[in-house]
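Consider the two complexes below, in which chain A is the common component and chain B and chain C are the respective partners.
This part shows the complex of A and B:
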């Protein structure tokens, strides 16, 4: 098969580009440690969240020095708890599930983004910095009221967080 | 070369029965384009809050209709028309049995009509039917059974179409045992091979789970499983839309440019790569899904990146073929040859602009495929921004431009106005440049896709690349230009149909510079490619699907049923919603308590 010299060059450059793109993702995973939403959490019965240790009481709790866990339930058409209040300059692991249909959980304008699937639990870890208020949107169509489904993520100062008693509700 | 050009027969002269099928398929395609465009403009103006003529709860009916009519009906009806033309033309023999051909056309038309009815009934409150599940129909949102049944009939129609083409090819093979498969036929057969593999999963999802569930035979389904089966089909289907455009770029565009295809062997390599790689990648739509291990996502990501290869090769070959034509017609210089091209022909300019936008779509696609930066844009308006460049322009604009060239071949009627055609394709390009660019930008602000009212009460979007409002205006203007462009295209075509038939319109396709004789025989060994493709699919999907079933069960972990065809309840809920949302939480799905 005859391949033009320029075409061979183009082919070589294309393969370099592809390998470089795969390389960036690999680097992101093993270098800075960007973790994907995966199968790290066990499944949950979406009809019996009330009886589940993780989701019977959607909340934010402290699990270590500057480390927090948040348990969030998405439903038609909102998020619980709302607002989700977390302290500044901390590490927060969010666990998100759905009580009914598939929803999205997106902290608008950030890469904190996950699907909320009934029966499964998405786990994402974020680092907060200065106190700010973020909007949370459902970014997967979930029914006729989809557009009213929103939440808040409030990053507050350490002292303000402690004055709240550490819990968001 | 023929000495009697004037007496050269067109496609319709040689194959009048097949030409009738091609015209019927194109008419169905363009009818869907008209409906899709109407819903498109309603949706654009609603979303951007320029004009909200429907209640926001009906927005999702509009969105379902726009998606299904555009990407299932418009694209696939065009594909079956184009492939019927291409196979018959390149084999130079009629289809085996035209009754079978009309049968599959009839099935596809009937199936799409049923699905269309189930969607459009969502606008009429007195009919207890709707299918506001969008193009992806993720369970546990549930459509009326007619929606799933219609899709099944439509897909069965496409399967019979593929069988019709394969049987005709085998008949040709018996008559020509030693010849290479003609290039266009090769493209048809490889694309259909991919389609059989891909659509088997969505057929399984619909027939085993969704249809029985919507009929009440089973109580629940596993949402992750049906979603995974959808994306098993949902990514290769984008190449099913794209392959007709590739066929036109490879075999028709060089002719219009005044030249010939650069390389037949590499065109075959590209189509083989699509057979191999387009299916084992679907999990890249599920990077953010829980319940699927990171390793499976990584495999899918790697395959996806390698899928760039056939498109990068295509970019080279198509540009080289066009340059060949320009230089043959006196073009010189590094870029000076660009002026020796038929820019006044809408079929040429349309396809070139489509190719240019496809390059931009390719780059935003690389971002989507990047497993980590995908988190920034997943399910934001970036994603529709991306696919309006690919399916919405590379495919749709090439199909419209191709129509300007092919319609005279299948009807003996010259196009009514090339000027309107040229204006129309350029208008599409401008409209899409505005709309798609602003959609990408809004996506980066975090504006979600698929929502009737992207403005929220609790927060404002940050400002970059212009604010949210300003980008909305760009989207609305762009969408309006696209609607006008579609109307001009359809109007031009209707006026073309009123033209008298003439003779002498034939435009035979030239043979490639480097012909099939240069291509290794192994490329034509379809059995081999099917074998490798299936192996890759098993490697990419067997373990994830087993794991999903193992985690959630074949019929799901106790997930409920949420028919979207009980709209009034949701309306009541929405009206009551915002102030009461906090109070709903303990009610565990009892909507009645909410209203109290």
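This part shows the complex of A and C:
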């Protein structure tokens, strides 16, 4: 079978392209460590979040040197706690769940984006940089007030975080 | 397809081995598409996606 030289060329290029697409995604996972929301978290009873260790009191707590855990509950129509206050230059693991219907949890303008599903816990770990303020939006239609459902994620300096005190206890 | 090519191949390939068929315009177009695709992918992945704040790492 005769194959024209140009055809061989673009067959080769299309294979290179496929390998490059797979390669960049592999690089993302190995280099910067980009990860997905896993299903490894234990489930919760969405009707009894107030009796749950993690979500009875939505909060941010320190769990290690420069490591923090945030427990966030989405509801119609908002997020608890609001604002979520975390220190700059730290590793923050967000645990997000819902106590009523499916919500979205998107830190606007960033890659932090998860679903908040009743009974399930979405766990995403992010690294904060400089102090700044982000908006949080619900990106799953959740009812009549969906368009006003918003939260705040405030990244504050370490000293300011310590001064606030209450948020870490 | 394979069958008809097997039948036609000898007569087709007797001459200039398809050398007069030189789709340089198609090659150029595919080259441009390929370049756009590669640049768009680099921009979307490395600049827009990895360049944003709060990359999910776990």
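Criterion: the second predicted complex is superposed on the first by the 158 of 169 C-alpha atoms of A that agree within 3 Å, B and C clash if a C-alpha of one lies under 4 Å from a C-alpha of the other, contacts with A are read in each partner's own complex, and residues count from 1 in each chain.
Rule of thumb we're sticking to: contacts are C-beta pairs under 8 Å (C-beta built on N, C-alpha and C of every residue); 3 or more make two chains touch, one makes a residue touch a chain.
None of these values were measured; they are calculated from a predicted model.
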**OP:** With the two complexes superposed on chain A, say which partner A:33 touches: chain B (first), chain C (second), both, or neither.
**Re:** second
**OP:** Going by the touch definition up top, name the partner, chain B or chain C, that contacts more of chain A.
**Re:** B
Original post:
Should A:150 be classified as contacting the first partner (chain B), the second (chain C), both, or neither?
Top reply: first
**OP:** Quick one: classify A:129 as touching chain B (first), chain C (second), both or neither.
**Re:** second
**OP:** Kindly classify A:47 by the partners it touches after superposition: chain B alone (first), chain C alone (second), both, or neither?
**Re:** first
Subject >> Contacts of A:121 with chain B and chain C, given as first, second, both or neither >> reply: first
**OP:** Could you tell me if A:63 is touching chain B, chain C, both of them or neither one (first, second, both, neither)?
**Re:** neither
**OP:** Check the residue A:12 against both partner chains and state whether it touches chain B (first), chain C (second), both, or neither.
**Re:** neither
Subject >> chain B/chain C common contact set on chain A >> reply: 1-2, 4, 6, 10, 17, 21, 24-25, 28, 34-37, 107, 109-113, 123, 134
**OP:** Report the residues of chain C in contact with chain A in the complex, numbered from low to high.
**Re:** 5, 9, 12-13, 17-18, 21, 23, 26-27, 30, 34, 37-38, 41, 45-46, 49-50, 52-58
**OP:** Report the residues of chain B in contact with chain A in the complex, numbered from low to high.
**Re:** 56-57, 59-60, 63, 132, 134, 138, 140-141, 222-224, 227, 262-263, 265-266, 286-294, 297-298, 301-302, 305-306, 308-309, 312-313, 316-317, 320, 366, 369-373, 375-376, 378-380, 445-454, 456-462, 514, 518-520, 547, 551-552, 556-560, 562, 564, 567, 570-571, 573-574, 577-578, 581-582, 584-585, 588-589
Subject >> Residue ranges of chain A touching chain C (in the complex, touch as defined) >> reply: 1-2, 4, 6, 9-10, 13, 17, 20-21, 24-25, 28, 32-37, 93, 107, 109-113, 123-129, 132, 134
Subject >> Partner chain B, residues of chain A touching it in the complex >> reply: 1-4, 6-7, 10-11, 14-15, 17-18, 21-22, 24-25, 28-29, 34-39, 41, 43-48, 50, 58, 73, 75-78, 80, 82, 97, 99-102, 104, 106-115, 117-123, 133-135, 137-148, 150-152
